[in-house]
Structure formats: C-alpha cells, structure tokens
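Two complexes come next, and they have one chain in common, chain A, joined by chain B in the first and chain C in the second.
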Partner chain A sequence: MRWKKALFYAAAAVFAVWTVMPIVLIAMAALTPRQELYSWPRQFIPENFSLESFRFFANSHGVLAATFRSIAVALATVLIALLVGAPAGYALARFRFRGKEAFRIGILMTRMFPTSLLAIPLAVIYLKTNIYDTIGGLALMHAALAMPFVVLVTSSLFLKVPYDLEEAAMTLGCSRIGAFVRVSLPLALPSLVAAGIYTFVLSWNEVFASAVLTVHNRTLPAHIISTLNVSPLNFKFAGGFFMIIPALIFIFLVRRYLLSMWGVAINK
Partner chain B sequence: MSLLRRIPLPILLLSPTLIFLTLFFVIPLVQVSGLAFQSPDSVFTLSNFDRMVSDIYFDGALRNTIILLILIIPVQLVLAFAAALIVNQRRRGSTFFLYIYAIPLGISDLAAGLIWLSIFTERGYLNSILHNLGILERPLIFLSSMTPKWMVAAIVLTEVWRATPLVMVILLSGLQMIAKDYTEAAETFGCTWWQKVRYVILPLLKPSIQSALIMRTMLAFQMFGPILVLAGRQLPVFASESYYWYTTVRNPRVAAAYALMLMALSVVATFLYLLLLRTKDEQVGVM
Partner chain C sequence: MAEVRLEKVTRRFGSVVAVDNVDLQIRDKEFMVFLGPSGCGKTTTLRSIAGLEKIDAGRIFLADQDVTDLPPGQRGIGMVFQSYALFPHMTIADNIGFGLRIKKVPASEKAGRVRKVAELLYLDNLLDRYPGQLSGGQRQRVAVARALVIEPAVLLMDEPLSNLDALLRMQMRAELKKLHHAINATTIYVTHDQVEALSLGDRIAVMRDGKIVQCDVPMEIYDKPANVFVGSFIGNPPMNFVHGEVTSQEGRLMIKGQGFTVTPDPKWSKALADRKRVILGVRPENFRVHFQEPAGETNGAQAAVEVVELLGNLKLLTIDLAGSVLKVSVEPDTAVTAGENVWLTWNEDKLCIYDSDNEWAITPERPEVVSA
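For the complex of A and B:
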C-alpha cells in the first residue's frame, strides 16, 4: 500500500513540474536583463534579475494603449455575451418548448466554425459598415465566440437552482420577474460571475480575430503578433509573461468552477 | 408592451441569442462562401481555389496541418487521461493537483508560443542546459527552415503543454459521472488496477473521450499563435495561411477559401469521430 502511495505522489509531482516549469522559465526570462539574454554562454538562472525588460515592454510604442483596449474589449464581450446568452440559458433550464433539442444542437454545431471562417467575412462586412477597427466590433465577434459556452453553462447552472424556490416566491406574492431577481439570480450569481470571468479570459487571449479585425486599434495579442518580426527577445518574453499574469489570477479565482463549467459545456 | 406580452416567454428569452447567432454565424458563413466562390464582380468562379491550391505554400500547409494533428492528439489524450486518473484518486492533495494542472487553461496559444520560444531560441534554456552538461560548445539553432523536425517538435510540445488540461478537465468530469458501483464491482471480483481501467473505466468513458477528441481536433486545426511565433511561414498551416492571405497579401477571397477548407476538415473529422466511436446508450454509465 505504501509504494502505491509513493507512486501516486511521484506521478502527480512529475506532472505538476511539467505544468509549472515553463511558467517559471518565462518569468525568469522576462526578468533577465537584455544583455544577458543575448550572451553566450548563457546561465540557466540569470545572474541578476531586473525589471529592465518589463519597463522596455511597457514603454514601447502602443503597448499601454493596446492593454487598455484589450481590457475594454474583454469587458464589453462579457457584458454582451451574458446579456444575450444568459436569458437563453435560463429558458433552456426552465421551460419545455418545441424545438428545444434543435436549438441545443444548433448551439453545439457552432463549435465547428473555425475562427477564421467568421473573422474574415466579418472583416469585409465591418469595412462596409464602418465598425472595422473598433472596440465594439471586436467585442461583438468575441461575444459570438463565447456565446455557445455562455448559453450552455448558464442553462446548467439555472438547472441547479430548484424551480420550487421560484414558485414559492411567486405564491408569496412575487411577480415572475421579482421571483427571478430575488431568488434565482442571487443563488446563481457566483457561477454566473465565474462564467463571466472565463469569458473575459477568452477575449483577453484571442489572437486571430483580433489581428484580422483591427489595424490601428490593436488589442495586446494582436499588437504582439503583428510586431513579431521586428521585436527583440526581451520584448517578446516580457510581453508573453505579462499576458499570462491576468490569466493566472482568473484561473485561481474560478478554480472551484472549472469542472462544473467545462463538464457541462462539453459533456452534453 | 401588450405586443411583447403576447409572445410566449421562452421565445422572448431565446430570441436575442437566435438573432445574434444568425448575425454572427449564418451571415458570415454565407458571406465567406460568396467571397471564396466569386470574382470581385460577383461572378461564380473557382479561381480563388485554383490560386490557393497552386500556391507554393499549399501542399506544405495541408501536410503540416495533418501531421501536427496526428502528432499532438494521441499524446495529449494519453497524458490527459493519466492526469485525470491522478486527480480522480481523491487522495489528500488531489484537488491541489487539479488546480495546478488546470493553469494552462487560461493561457493563450500566443503566450504559450512565447514561453516555448524562450526554451528553443538560439540563446534559450535548452541550449543553456546542453552547454552546462558539457554536450555543446556552440549553441544549436533549432528554429530554422534547416531544422524542420525541431520546429515541429517545439510546436507539438507547446500545444501538448497548453491544451492537455482542457482534455483532462473534460475526461475528469466524465470520470466523476461514472457510478462507483461499477468500479467497486470490479474490485470485488478481484480485478487488477489495469483491468479495472481497461475493461470498466475506458468503455464507460467513451462518450467523454469522443467529446474531448472532437473539441480538441477542431481547436488543433485552428492553432495559430505557436506557428507564427516559433516558425513563421517556414511551417505553414491552413490557419496561418488564411491569416497571411488576409493581412499580408490582402486577398480576402483566397483567405476565405482557406477558411472554408478548414471548416470542411473540421466537419469531416467530427463525423469520423462520431462514426468510429459510436456509443451505445448503456455506455453512458450514469446511475
């Protein structure tokens, strides 16, 4: 029994090191001074740590603006995706109606669409309608990418809030909307927030559509990818690590909901 | 207001999503076909596809898209299954390991590409280790058109590192739906650990494996960041070619043709998985 336990922890630790090590490496690379990055022989652990690369990255032309734009796009994405998608999720959880299965399958089918298939024609449409290269236009695109996820996740989380509670509130004199706002919504709120945070990360990380739908008003990933060929290593490493930081925080915040979100979103 | 009241509530709640999905999925699909199958003066033509297929990057892009898929998916599936089994042991610390393993879920493919660039670049960690071990005097160049195998290796490692957690989470939630009675019965009859995994858990997990494979394959077809960071156009794939044709060549029609090819591959792959891994009702295993 004892060697079984040892084997379990050994395997678990190996996998943990494999997952964490690359993040430690990029953090070290981001904190290595430029001169040392290009020197040979190069030490595995840098001789001195410095914020030089970070400062260089943050002060590079366009980075700060791109960061704020990324945040604005992500916030708008969360707002649109939840406002449009959550009512549908609620309907799927609470009502029986004709075409429900068809609607569910339709939602699942949207997963087959590659981002490029949506982004390229949308770029052409956006150019004609003057929303090309805007925060709102990109947020709409990101909301479309997040929509299937939001609908399926909200439907499963409203399923977990017993309908009896809503009915009880209505017999006690609440209106339908009042029952929802006072009973179901507060109970579902933590998971709703988790889904919103996940949507935020999805938008913050998205590269292809951002690079295609913006030119001057780049988001951070779009800015980094379009300057790849001209940017030095210290810019790339500092940029890479900088992009990871919010993702790490958010994953930590939603850690308890990871399984329930992905479980329902995928396993039907 | 009185008009709104006459519409049944479910329809009212669903309609925003329906309108949104029509605007952002159906219309682009129609538009992309229009771009790919028409000349600039809206006459039906196959010339965009001609141009795509006769381009010098096309054969490479087709080959690389498929090779990367074949190298990445099986490794990922095995690793993810192992990780899911570890977390599902419910020993002390299992949850802690789950949170650790899930970290790459929040990391974009672009950032993941940059991480592995710090390892594989000329003055990177890999060369540094090899030098410290005394194997190398001068740094090796891994990421160039002279070393395509190293480039593929770097991209495969990046994708395996970044996207295995996604497969793990899907498989884990499948594992947790398997009723304890099955595994307990297997133990009562004296099954070894391996027999339990092979004859009880794996068959019951088939629906989750199927969803994970479909999901992962579609995302692998779209992989884009690591390609641009680690290889650029030296290792073209469909997604990156679509990007280059739109941004560099400024020809949305050929870009649209590539996007349609990608969609066709996704659809074919999905149906293949559905066909090859057909699940029977009794395999769902939920009690």
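For the complex of A and C:
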C-alpha cells in the first residue's frame, strides 16, 4: 500500500511539474531584463528582476487596444453563451421532450469538426454577412465554441436544484418564471457565475478563430500570434505571461465550483 | 366553503393511464385520504388538484369554481411536499412568509401571520435558522407552516410523514389531526401507509391502477373491503381469504371449503342463491380459537397451529386449515403452542364474501327499512 501511495504522489508531482514548469519559465523570462535574456550562458534563475519587458510589451503598438478588444469579446461571449446556453440547459434538466437525447448528443457533435476545417466556410459567411472583423462576430463564434460546455454544465446545475422547490413556489403563488427567478436561479447562481468565468477564459485564450475571423480588430492572442515572427524575444515572453495571468487568476477563483460544475467530488 | 369535486379526471403519461376517469366529491372541511400502493395514481391525482399536473380530460372544481385551467397559485390550495421542498437559501421565517411575499401582503401583517403560524407549529424560536440546520421533524413542520400561512381553502399533503422515523411519525400524525381541527381547510392527504389512513381520514379513497376502488369511512373500509385487493391492502396482517363453494343443505345455505363449513346469515340467501364458487374474507381478529371441539357450534373447523408470535398486545398465530394458511390474532395471554391442534370458529357477522372471478364483494341484502 505504501509504495502505491508513493507512486501516486510521484505521478502527481510529475504532472504538477509538467504543468507548472512552462509557466514558471515564461514568468522568469518575462521578468528578466533584456540584456540578461540575450546573454550566454544564461542563468536558470536571473540575477536581476525587472518589469522592463512588461513595459515594453504594454507600450507596443496595438497591444492595449487588442487587450480591450479581448475583454470586450470575452464579455460578449459570456453574455451570448449564458443567454442562449443556460435556458437550453434548463430545458434539458427539467423537461421531457421528443429528441432530448439526440439534442444532447447533437450539442456535443458541434465540436466534432476541428475549427481549422470550418475556418474558410466561416470566413466566407462572415464576409457575406458583414460581421467579419467585428467584435460581435467573433463573440458569436466564441459563444458557439463554448455552447456545448455551457449547455451541458448548466443542465447538470439545474438538475441539482430539485424541481420540487419550483413546484412549491408555484403552489405559493409564483408563476413558472417567477419560481425559476426566485428559487432556482439564486441556488444555481454561484455555479452559473463559475460557468460564466470559465467561458470568459475560453474566449480569452482562443487563438485560431480569432486569427481567422479578424484582420484589423484582433484580440490579444491573435495580435500576439500575428506579430510573433517580427517581435523580439522579450516581447514574446512578456506577451505569453500577460496572457496567462488572467486565466490563472480566474480559474483559481472558481476552482471550487469547477469541480462541482463537472460533478466531481474530490473531498469525499 | 371549499368542496372539492373531480369530474371524470384522466391523466396519462404516454401509454400509462395514471389517473383513470376519476369521479370524486370531497366535502368542506373533510379530511380525505388517498391510499394505495405506489404507482396507483394517488399522488398524480393530488398533483392534478394542485394544478401541478395538466389533466388530459375531465374538470376539477374547488369551492364550486372550475379551476381546471388555473395555475397552482390561483387555486386557493396549500401543498406540503414529501421532500418538504424548503428553500435552502432562505431562513425559516422567509420560507414560511414566501407565499405572503408573493401575494404582496404588507410587511407588518406578514410578520404577524408568520409568527402566528410558527407558534401553532412550535417553530417560533427557529425563525432565524436555515432549513439545513433543522431536524427532519422540524423541517416537516416548516413545510406545513409554509402551506398554512396563505390560509388555503384546501390543504394538500403528499406523504408528509414518510421521511420521519416511526416514533416521530406517530407524534406528527396526532399533531396533524389536531391541526386539521384547528384550521378551517379541507384536507387531502396522500399516503401508502394504511395505519395513517385509518387514523387520520374522515374518509379514505383506496386507489389502484388509477381508479378509486373504494371510498368510504375508515371503519367501513376495514370491515367491508369492496374487493380482495382492499382487504389485503388494509390491515396488518391483511384479511384472510379462503375459497369456498355455495351449497344448500336441507334448505339452508352453506359455504363449504377445504376443511370447513360456514353457515351465512339468512340476509345473504338472495345474493348467494345463484352462485357456486366464492371467496370468504375474514380479519385475523374475527376468528375464535377453541382448544376443545366447541359444543353447540356446528361449524368448528379443525386446524393446526404452525407458528406462534407474541407481538406484545396480541398473539399472532399462523394456522393451517386443511392447506390454507390463515393469520389469526388472539389475546396475548392465550396458552397456545406451535404444533397444537385447535378448533376455529368464525365471527359470522363480520364475514365478507367475494365473487371468485372478479374478486369484488358480494353484498348481502340490506335489512328492509320500515318506512314511517
């Protein structure tokens, strides 16, 4: 039993290092002054830390605008995904209807095709409908990418709120919608917020669709990727680290709900 | 006045008919119990009255108003759920006051009414707690309080005691009975527990397969089950059933079965005249056990005691009567041992006779009413 436990912790340690190492390397590189970054041989832990690279990155042309666009796209994505996905999830949780299982599978099948396969047809459609290279258009795409996650997760959230509660509210004078707003929504809200934040991060990190569907109005990842070939090393490191931070913070904030969202109980 | 009337109510789930063309009239302030095994349609009937189920056919009237198409909140009902369905994110006071808040009752009046109901149900010192902090019995009382505070004309209860332990259930049973007299509501109560039904109901509607099999006062249901199903569902242990054949001997009607003969009262003569095979139904306490051949009794049947169980307030005997196994209850101090041979006689007044084909009761002729 003991060696089993040791093996488990060893595996966990390897996995943790595997995940954390690139983040640490990027963080250290991003905080290293420029001269030191280019010197050879380079020390594993830099002698001096400085925010020089960051300042350089943040002041570079287009970065600030791209950051704001990224935030705008992510917020719009969350809004669209929750407004469309949460009711669908609620319906899956509460109602029996013809084709329910097919619907559930169908939602997953939307992710069957890789984005790269869809890129050209999508770009054509976007161009034709005049939403190419717009924040709203990209948010629509991100919302579509996040939809399976939002629908399936919200349906499992609402399943955890017993229908009895809504029925009780209805016998006490609520309408169907009133019962939802006063009872189910408050109970599901923390998890809904977590799902929203997760969706935000999905959009924040998304590169491919952003790069294909925008030209001038690029989000931060798309902007960084398009300038990657022509930018100096410290710009790349600072940019990479800058991208990681919000995702890390958000996921850290909602980590408790992430587990409950996916229906995993680790503390039991 | 809150009379409840169901007219040909039907509710289907796919091909399953959960409630099948039910007609029922419940009087104002009556305590009506729906009793039946799981899946008999009792809860669906209750939910239809509440408006939580859309019925496929028929009409429902509450207090002479057709409520068939009204949402639950406008029917003047209060409902207690089996799971209690308390709102976990609200305090007990908010839970109880929820209905008043929805109905926009002024805050001052609301607080007073909540306090009054809370006192009635011994919840007044729990008002600031959350449902998660209460015991099962307390939660149950909150659920009742929440339904009562809106002063419903009809109180609906769906197996409200089934999640409590036996002792608490007995206490709450008495509390509910007391409560029913204290409030002015018609009560409809769903249960699968026959003891609850007998103790609480002014009348009991026994249901099976979406139909009401028998609807009557508890004593009638117990003494004169309308069919074999009711007899075996109500009573613990259930009614004994033995097959017999109707014969006539020297002009007297008799029912003969394996190892016994019964001479029914003359009131049965007409009803039994053309019949051959019947089923006799006898409650365990309607036998008499004799240790010698009873003198003067022509119908003593010899039988063997197989098992003796002392249940405290009675002794339950398992008796083999020429192949049929009977449950017979006797006084707890009766000296009887397993393996003993005894004679059984029946309390023929309490005899129930059923058609052997459809298992429905054969009713004797009623004594003629002398008209004034």
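Definition applied: the second predicted complex is superposed on the first by the 242 of 268 C-alpha atoms of A that agree within 3 Å, B and C clash if a C-alpha of one lies under 4 Å from a C-alpha of the other, contacts with A are read in each partner's own complex, and residues count from 1 in each chain.
The rule is simple: a residue touches a chain if its C-beta (ideal position, glycine included) is under 8 Å from a C-beta of that chain, and two chains touch if they have at least 3 such contacts.
Keep in mind the model is a prediction, meaning the values are calculated, not measured.
After superposition onto chain A, the modelled positions of chain B and chain C are compatible, with room for both. Touch counts on chain A: comparing chain C and chain B, the chain ahead is B. Of the two partner chains, neither chain B nor chain C is touched by A:Phe68. In the superposition on chain A, contact of A:Asp164 is made with chain C only, not with chain B. Of the two partner chains, chain C is the only one that A:Val183 touches; chain B does not reach it. In the overlay built on the shared chain, the residue A:Gln43 is in contact with chain B alone; chain C does not reach it. Judged by the touch definition given at the top, the superposed model places A:Tyr90 against chain B, while chain C stays out of reach.
By the touch criterion defined above, A:Gly173 reaches chain C but does not reach chain B.
Legend: residue contacts after superposition of the two complexes on their common chain; A:Met243 is shown touching chain B, with no touch to chain C. After superposing the two complexes on chain A, the shortest C-alpha to C-alpha distance between chain B and chain C comes to 13 Å. Overlap of the chain B and chain C interfaces on chain A comprises residues 176.
Against chain A, the residues of chain C that register as touching in their complex are 50-52, 71-74, 77-79, 81, 83, 85-89, 98-99, 102-103, 146-147, 150, 156.
By the touch rule above, chain A contacts chain C in their complex via residues 162, 164-165, 167-176, 178, 182-183, 186-187. Taken in their complex, chain A has these residues touching chain B: 5, 8-9, 11-12, 15-16, 18-20, 22-23, 25-26, 29, 37-44, 83-85, 87-88, 90-91, 95, 97, 103, 106-107, 110-118, 120-125, 140-141, 143-144, 147, 151, 176, 201, 204-208, 211-212, 221, 224-226, 228-229, 233, 236-237, 239-240, 243-244, 247-248, 250-252, 255, 258-260, 262-264, 266-268.
Against chain A, in their complex, chain B makes its touches with residues 8-11, 13-14, 16-18, 20-21, 24-25, 27-29, 31-32, 34-35, 79, 82-83, 86, 89, 91, 93, 97-111, 113-119, 121, 123-125, 127-129, 131-132, 138-139, 161, 165-166, 169-170, 172-174, 176-177, 207-208, 211-212, 215, 218, 221-222, 224-225, 228-229, 232, 239, 242-243, 246-247, 252, 255-256, 258-260, 262-263, 266-267, 270.
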